[in-house]
Amino acid sequence: MTPAAISFRNDYSEGAHPAILEALSRDNTRQEPGYGDDGPSQRAAELIRLSCQTPHAEVHLVSGGTQANLVVCAALLKPFESIIAAETGHICVHETGAIEATGHKIHQLPHHNGKISSDQIRELVQKHVDEHMVRPRLVYLSQSTELGTIYSREELTSISQACRELQLYLFMDGARIGSALTSEASDLSLADIAQLVDALYIGGTKNGALFGEAIVLCSPHAFPLFRHHLKQRGALLAKSRTLGAQFEALFTDGLFMTLARHANRMAMSLAAGIQELGFQFAYEPLTNQIFPIFPKHVITELSKSFSFYVWSPHDSDSDVVRLVTSWATIEPSAEAFVTRLRSLVGARS
Amino acid sequence: MTPAAISFRNDYSEGAHPAILEALSRDNTRQEPGYGDDGPSQRAAELIRLSCQTPHAEVHLVSGGTQANLVVCAALLKPFESIIAAETGHICVHETGAIEATGHKIHQLPHHNGKISSDQIRELVQKHVDEHMVRPRLVYLSQSTELGTIYSREELTSISQACRELQLYLFMDGARIGSALTSEASDLSLADIAQLVDALYIGGTKNGALFGEAIVLCSPHAFPLFRHHLKQRGALLAKSRTLGAQFEALFTDGLFMTLARHANRMAMSLAAGIQELGFQFAYEPLTNQIFPIFPKHVITELSKSFSFYVWSPHDSDSDVVRLVTSWATIEPSAEAFVTRLRSLVGARS
Amino acid sequence: MTPAAISFRNDYSEGAHPAILEALSRDNTRQEPGYGDDGPSQRAAELIRLSCQTPHAEVHLVSGGTQANLVVCAALLKPFESIIAAETGHICVHETGAIEATGHKIHQLPHHNGKISSDQIRELVQKHVDEHMVRPRLVYLSQSTELGTIYSREELTSISQACRELQLYLFMDGARIGSALTSEASDLSLADIAQLVDALYIGGTKNGALFGEAIVLCSPHAFPLFRHHLKQRGALLAKSRTLGAQFEALFTDGLFMTLARHANRMAMSLAAGIQELGFQFAYEPLTNQIFPIFPKHVITELSKSFSFYVWSPHDSDSDVVRLVTSWATIEPSAEAFVTRLRSLVGARS
Amino acid sequence: MTPAAISFRNDYSEGAHPAILEALSRDNTRQEPGYGDDGPSQRAAELIRLSCQTPHAEVHLVSGGTQANLVVCAALLKPFESIIAAETGHICVHETGAIEATGHKIHQLPHHNGKISSDQIRELVQKHVDEHMVRPRLVYLSQSTELGTIYSREELTSISQACRELQLYLFMDGARIGSALTSEASDLSLADIAQLVDALYIGGTKNGALFGEAIVLCSPHAFPLFRHHLKQRGALLAKSRTLGAQFEALFTDGLFMTLARHANRMAMSLAAGIQELGFQFAYEPLTNQIFPIFPKHVITELSKSFSFYVWSPHDSDSDVVRLVTSWATIEPSAEAFVTRLRSLVGARS
């Protein structure tokens, strides 16, 4: 009998961390108000404000990332205003036109390792001069990016300054912000980021929750009546305690960071093993998504025991592969992967 | 010390039924695909198809009711097509214009006990004759209605026939379909309904789940590429097992019906006690939402121990009140309400 | 051979007043900038500002009324904001959901002779209290109304005050504002109206132009970057001199008022003749649309020589008919109608 | 006194060809139905069907190009479907996000002389595989392009075949289709094009009309109830005879082609003079828009007597300039430009 393949396809393959499930059970029959007015949501919001060091921020919990992205963007923009993003940005490719469905254009800028620069932003804004063109008004960044890389303090500060000069809002998609913050290469804290952006969302789904993302409005004055937007887009959960309890647990005793750090550690363990065997990476391995380059026949063999995405072609003989780890990845899985890879390399040479 | 008020405000004040929490914990670390391709979602879909006796229906699990409503409506309609609904319909009043935000007009028809009739539908369609007017194309019904009433087999059959003659789609908002199906006045099964509509959604949030609604596309050919719509509106959950496990539990061993029947029984217990004390109802009490009429001073007193909505004015001295029970309401709470009411009546006379 | 029927169907059956055609020919080959920056458009704007006594207003010329309505409404509202209108309002019925297609709900209030009152507005706003409901933000009025009636100074002032108290914008659809201003019953000037509303449009199409409506933004600060909105909705004409020349002509030497007054006079002539023969009107005849009630057999006979709309049923024997006159209606046509009607009445008695 | 500069800024600087003005005056007071049911519009439609050799096509006349583009695109697409266009396409840059405002994403492909190829289209479609991505469904081409170039029969046939294989609609923006059809380099007739696309629009504004574009639905079955779309977007003109009379004139006695041919001849005359003086072009001069490259100091001098756009930088010393001719450009204007240029070159050498 063949054992089930170990999956490195993504960071939402497992359920929730036990502390999250425990939080959902606790006080289960206690009556609570709905739509975010419940105790757990209120306490989670306060804990997140503390972590962000933003006492005046608004925190809203929603069920998914596409929802968070589309509500924030639609709330900030007038009909003729547009969004600037890296062409690799999640909103450009993998959200089925969710942003455009709210009526707004996205300018897709060429990326460098999944990132854009303040210079690119300035140049684009300068080209949009009159009423025959949309008006760029919002910059969207992912942290960590879709390619596993992260914006440094210098890069993010430079973008933030450009945004303020150019009267652009800055929004960070933090579906994987945990992995970014706990990367060994990171020089940014959550509080640093909260200072530099107008809004961000903190991803729960990909960091141990059953589901849920926490939208943090660092510049709440830019988002009048935000709950109206949430409700209109179907993003206000009736039994909101379900979200509140999870984020309360994640932001108690540092659980959020602990889980993200574990995921990164598993990725670094994989990366070290892969590198040692002489393979290159398409992008520097920094967080819980890594992108090694493997010969096609190696990929074919690996696929028999492990599940992962073949990301893009590299050259005629080899492809880039994406491996993702999570809070639930265990050391033996990473070891099994490297062991199998080693055996394939040995077989090859 | 004042004890906390018992809440009859709604049916989403508590967490989830223990069997649901149990289901979420089971196989928690088993790796599953996401976005609806997971085992639990697939099994839940199959159980729901069985309950509906619709082997060819598509089942999609989403996180909330507004989301279900807006995705189904937007998927069915061309830009110039419109929706017919009772003016009391949830989409008309309490969803912050979510349907209009997808570009479609709703014709709000006068209601009779929260319901509309096939005659009203025919009359409206006949008035829309050319390209200067929208084209009515979809009828939206709530079952049970926002006033706790239910459509009978005769009423729903008549509407369904009108829809087929007039080339209208028929969609049922079943946020409280459990309470409708298990009402003592009901003469419709889930399978009956599935035969008469093109789509419905089965409400989990208000019947014991942590959250979640199951969209059933009974006429799937009318919804090509429905998952594209779901994704675009932010309604496709990454860790979809979270929804799947809950609906698998709800549709195992009749739990869904058991929970709804309990909620109804609690409401009928309240209604009987209230009626016995000589009070009238604005709408006949049939499901888990009841609408007694109380003198204002009685409402003031009741509010000190119980939480509920004052629904609408009745006359200069009295108001209509809404009391909602749920799977989690316990007999002693209902008794406490009636007892308190009795003491107030005694005090009054 | 049967001569063609004389049409009282609407006020856009003929081409343009000769002075308009003349204006289009004048300086035809002179090179002008486009998109509203041309000399004629600039001069027309200045003439309109003078007529409105609003030196700071912005004036924008567009090709049609639906376009004017949808651009103004979409420019003023956030996604969750809504519009209040009479159920007979043009945007409610005869624009194929153009407003909803921009994402906004319209509250359709019961009308009294085609009009709504400040009390109705206040009551509606008071019902919309939280984020589960849209936020009413704009009142839409037609002047003259779709039923040929007009708002008096007292009525409009009362609505304007209510709007300012309730933080609502006030927008007047003036597709037939010429007929309203020149009605003998009118106690409002264009300058009066411009003081009381935030925006209006002055209808050219129905008052002697080939086409064109002049949007007047009386509160321009409420419409930042309005030209971006115009362009996005396809409402910015490249060869804008075509619109400019027409409105320059209309607002020179009082042509706009002269044409409207003529249309009204023709309608009053018809109305007097009809009344003299003992017929009633569904709505008081005040402007260039009148609504007499005729027996069905009379309508059948009249239809052989005249073209008009049968507006609505009156009772089992008679219907309400709409007769519309224009700048181009000639006295003999009105006389022919009354003469024919008289012969039918004679034949009847 | 300085004489006014001669403008080569665009092809909508003058009014209308005298035959068009004449057509608008003819039968001016004859009563006609509105909204496209008038005689002139019906006759224009028939003449256009004859020119296109498409007896079953629907023809709809609208007031502007952005309007034509947004209505056609919105009519063809489901919410999650997208459009493929050259990055230089008018809808990508110069329509203020009009397409996105209807909810649809545009894929902006790199251009080659303003054009895209069937290979680019195939490659893009192949990348869009599942419900996490939009579904490409419509290809948008401009003919002539925004850079004055034209698609050849071979290129257009290849794209058309790709579209049919890939189930994509093909739509041609013909704002300047007259200049394309009458280019000396053209090997495509209007009838050829009508065979290869699902819809096109024939530009009147830029070819001698006061305003107006004729949408031709070559595959009318793909556009059910198209007039509903037109009305909803504000694109149905009440006094439609205004559009009908113009297109009737344009398609009588070959006027449309005559005007376009004249514009091209003026452009070729300019181009020949410029080339003779030793200047290069950024794109081959084929139609009524030409793009010579001039030293910056030459541009400065030319700007004193002529009006035109500086299109883009070429190198540190020179820029690309756009010169546009029209039906109204006269030979002496072209000669004056070349003469002035010659004098500047002389001064330089």
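When the chains are written out, they are named A, B, C and D in that same order, and each has its own residue count from 1.
Keep in mind that, in the parts below, a residue touches a chain if its C-beta (ideal position, glycine included) is under 8 Å from a C-beta of that chain, and two chains touch if they have at least 3 such contacts.
Being a predicted model, the structure only gives us computed values, none of them experimental.
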Mutual neighbours - chains that touch chain A and chain B alike: C, D
Reference chain D; chain at largest CA-centroid distance: B
Approximate Å spacing (C-alpha centroids) for the pair chain B, chain D: 52
Centre distance in Å when chain C and chain D are each reduced to the mean of their C-alpha atoms: 34
Inter-centroid spacing, chain D versus chain A (mean Cα positions, whole Å): 43
Where chain C touches two or more other chains, by residue: 79-80, 95-97, 101-103, 131-132, 134, 228, 231-232, 236
Chain B-touching residues of chain D, taken from the complex the two chains share: 35, 74-75, 78-80, 102-103, 131-132, 134-135, 225, 227-232, 236
Chain D-facing residues of chain C, complex: 4, 6-7, 9-10, 12-16, 18, 21, 24-25, 27-34, 63-71, 95-98, 101, 205-206, 210-211, 228, 231-239, 241-242, 328
In the complex, chain D residues that touch chain A: 79-80, 82, 93-97, 100-106, 108, 131-134
